[in-house]
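The two complexes that follow have chain A in common; it is paired with chain B in the first and with chain C in the second.
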Partner chain A sequence: MAAVKIVNFVKRFGEVTAVNNLNLEIYEGEIFGLLGPNGSGKSTTLLTIATVYKPTSGDIYVFEHSVSREGDTVRKFVGIAFQEPKAMWVDTPYELLLWHAMIVGYTSHEAKNVVKETMERLNLWEHRKKQFYQLSGGTRKKLEIAKVMIQRPRLAIFDEPTAQVDVITKHALWDVVREMRDNGSTVIVATNDMFEAEKICERIAIMYRGELRTLGSVKELKDQVPGGDVVEVSFEGDREEAKDALLKLDGIGRYMLGNDKIVAYLNKGEERAAEIVSALMSAGIKVKRIMVQEPTLDDVFFYFTGARLGEG
Partner chain B sequence: MEVRDQVRGCLLIAYRDLLRFWKFKHWLFSQIVMNLADVVIFALVFNNIVNRQYIPDYVKFMSTGVLAVSVFASSFSIAREVGAEIRREVVQYLLTLPTSRNAVIAGRIIGGTLRGLIYQTAFIALNLAVVGIPSPKQSVIILYTSFMLAAAMSALAIAITTSTRDFNLQATFRALTYYMLFFFSNVFYPREVLALRFPGALATIVTHTPISLAAEVYRWSFGYSEYINPTALYELTLWAFTLLVTASLLYRRNISGR
Partner chain C sequence: MDLMGDLKALGLLVRWDLTRMWRRRMFIAMRVIWFTVQVSVFGLALSAMVRFRGVVAHSIDYYHFYLFGVYTSMLFSISVSNAYEVAEEFEEGIIEYHLSLPIKRSILSTGRALGGGIAAFIFTLPMYAIVLTLLGWGSPLALFASLIAALIFSVGVVGLVLSIVLSVKSGDATDILFGIIDAIIIRLSTIFYPAVVLAKIAPYYYAALANPISHFVDLLRTLFFFEEYKILAVTDPLLMGCYLLGFAAGLVSTAIYIVERKLEGGGWR
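What follows is the complex of A and B.
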């Protein structure tokens, strides 16, 4: 069963089309990353999954229940950490979380324990009595994360959870996300942090201007970037012969030639390294060292969102 | 969703509004003190308005009137937060919780109602001390009146706040309604004075607003006045239900229209 099935989903705000005909399936038990530049429709999609917005057309199914028609049921499964923390200025972290724990189903006794435990884990405990307006930006974000940690929903949504938070909290969150997944939750993380996406997400979708650009595992996405891998060969021998040998191979895009070094851009560099070495050796070139570098997720992102790859 | 979960959710939403209310208690108290100060100053300056012939005992007259004002002011305070939560999108949080929309809406209205009732208890005590002790039957009537008034005012506050998405307009409507209800009532002047001050139709309308109706019931129940409009309780009930339905519809439209 799909945890989330998005079918021909369109969301407009007046004249603005925030999401334009999105189709996407998120599997149960995976950590799914939603990437895309600012304004590409990530938050709009997530807020619709969490039943804040209604689809303009199309629908989204959460564990097979329609967000348009079965909101009450969908909400039993979903917990969301908002991109913009939600609280009134007079609220204090402890009260907020305690109330949250109760409304998601804990008894007041259980609530006290789970809130304390969670706050301690995120280093929030010392801030528990401050008023919301006194909290730093990162601390506010931690409160959002804490809500989902407390709730442990079947579908956990984090909308840019680590924007603004310190590196310690980032690691804590990543651990939490994996724990949740191990305990059976499905997790969706919207992020602009490529390192984070690569670190925790099993599959990634990249959105651009309200549309899905690509979908797959990090590895699959990288392989889709044409000429994305960088293969660097250090050699001894004639550089022109080395060049000719290399260019006889298929799929070599750009290349750069040095006196004892050749750098080529191609796909699936890792798989083709051996081929390159044997081609050079049969041309009488001695290969001293070979290095294969994948494109970064940044490159993938640039490629799918319209920006060009950095010049070699 | 099970009924039990619904009720639990609804009560927790109301509880949240009570917790917040507690933080604003000083604000509210000063609000009422200010209102009362206005009245006293008014009375002193325009001495002829407070005429012995119409108001035999100004203290008792005011104490019973303030019973209605206290419920009104505290129940109405729910409007500010409902409005602020929509403006600052905190309401999105409520919309994602594992409760139904009905539970959210009912919870807010109950929250406002409870604010009114809880706040009023202090003023009930004042009336018991200053005005008189009601009979058991009158006590039940007082309770019923307070409940209806609080529900009506809570609903009115929410209805006004959610009637438009324009926040400036909201605030204007809210302030306007607040002061209209506050001043166009029999809380400060008895119906005889109202009849002298306002043209006929307006005087009639003023005596049939929820606050005036409630004040009249309180004045009778605590034994200050002999007179009671025989249909006051029915009218108040009608007000409450009309406003409850309106508020539910408007709030629902406001939070789920997108």
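What follows is the complex of A and C.
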């Protein structure tokens, strides 16, 4: 059974189309990544799954229940850690989590135990009496994640869980995500961090400007990038001339141009590196560095979205 | 979720609002002190002035009239101040958090209306105690009925507040709208002017007759001083009680409808 089935989902805010005709399935028991830059429609999709937004058209089914028509049922299955932690500035972490634990179904006694256990696990216990405005960005993020850990939902949603979080905490939170999956939850992680997606997600959907661009496992996505090799050249000189010199070569199907960097996708990258350097130098471009590598998820993203380097 | 689960969620939502009220305890203490000064100094001076100028009949003590009026205006204003709290919660994304919780939307809206109403009611209890100390505590039945009426009234006002704030979804509109509502609705009522006086200006009079504030304040007056106010009240106590019940049920139902059918996250201006 699909944990989530998204069918022709469209979400508009006034004139703006945030998500346009999205179709995908998320399987029960997997860690699924929604990857895309800010404004790509990831959060809108997640918030609709959590019934916070209503679809403009189409529908989303969570464990076969429609978010449009069976919201009360869907919410029993879903727990979400929001991108922006939700609390008033005077709230204290302990009170917030205690209230949350009780509203998701724990008795008062159970709630105290599970909150203490979760706060200790996330190193939040020492912050329990502080007010929300006194917490760092990373601690606030952990507080948001603690809500989902306490809830233990069948479908756990994390919207950019490690944004503003230090490296050590990031790894700890990835362990939490994996642990939730191991304990039976289906997990959806929205991120714009390619490394994070590669590290924890079993399947990934790349979204861009409200549309699904591709879907598959990390390996499947990398295999779809034509050429197989990525040649990255750092240079000094006119970028247009660099582009023209590169395009004169055979077999350059796709490329991306930055101000001082050009990335080309091609076969047999190692063998052709010298040819590329030669072509650029002939055009008066000074080559500072050349690297040949397998495609990363960054490359996959740029290949499927057509986004330019440095595009915000 | 079963009935017990729904009731537990309702209780926790009420607790949400009570926790917020408790955090404002210093503010409440200051309001109570100011209220005491208002009713004991300015209220007495005002009543003496009214008596001296022979504005009302000798059988009526304007001080009685005034004290219930000033308490009602306080209860209404405190209930309306929930609008600013809900607006702030919207800005902080708390509404989105609440919408994602595993509870029915009808429970969410009822819980917030009840919670806001109970919080406003408790907030003004010390002021009510001061009023009753100055006027006499009346019969236990009158006291009990007046407390129930105050609770129903404040829940109704918070239902109105939720319906409007969650519909307009704008901090600026909330500020303007509730500034106007707080100022005008109190004045278009029998809080400070008896219905018989307002009867001389037809639009004013009919606005006051339709105004739930008039029904609440006149109900309080007739509960404690029936003989004194039976001819001044907008209608008889039973009808006023029914009107208040209808007001609260109608507005809480509207809030439920809006939260269940219309409300979604985002779009806050």
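Everything that follows uses one rule, which is that the second predicted complex is superposed on the first by the 242 of 312 C-alpha atoms of A that agree within 3 Å, B and C clash if a C-alpha of one lies under 4 Å from a C-alpha of the other, contacts with A are read in each partner's own complex, and residues count from 1 in each chain.
To be clear about the criterion, a residue touches a chain if its C-beta (ideal position, glycine included) is under 8 Å from a C-beta of that chain, and two chains touch if they have at least 3 such contacts.
Everything quoted here is computed from the prediction, not taken from an experiment.
With chain A as the common reference for superposition, the partners chain B and chain C occupy clashing space.
Of the two partner chains, neither chain B nor chain C is touched by A:Leu24.
After overlaying the two complexes on the shared chain, residue contacts for A:Gly71 are found with chain B and with chain C alike. Within the superposed three-chain model, A:Phe82 lies in touch with chain B and with chain C [touch as defined at top]. When both complexes are aligned on chain A by C-alpha atoms, chain A residues 13, 47, 50-54, 71-72, 75-76, 78-80, 82, 84, 86-88, 90, 95, 99, 102-105 touch chain B in the first and chain C in the second. Against chain A, the residues of chain B that register as touching in their complex are 1, 9, 12-13, 15-16, 19-20, 23-24, 81, 84-85, 88-90, 92-93, 95-101, 256, 258.
Of all the residues in chain C, the ones that touch chain A in their complex are 1, 5, 8-9, 12, 15-16, 19-20, 23, 88-89, 92-94, 96-97, 99-105, 264-267. Of all residues in chain A, those touching chain B in their complex are 13, 47, 50-54, 71-73, 75-76, 78-80, 82, 84, 86-88, 90-91, 95, 99, 102-105. Every residue of chain A that touches chain C in the complex is listed here, in rising order: 13, 47, 50-54, 71-72, 75-76, 78-80, 82, 84, 86-90, 95, 99, 102-105, 151.
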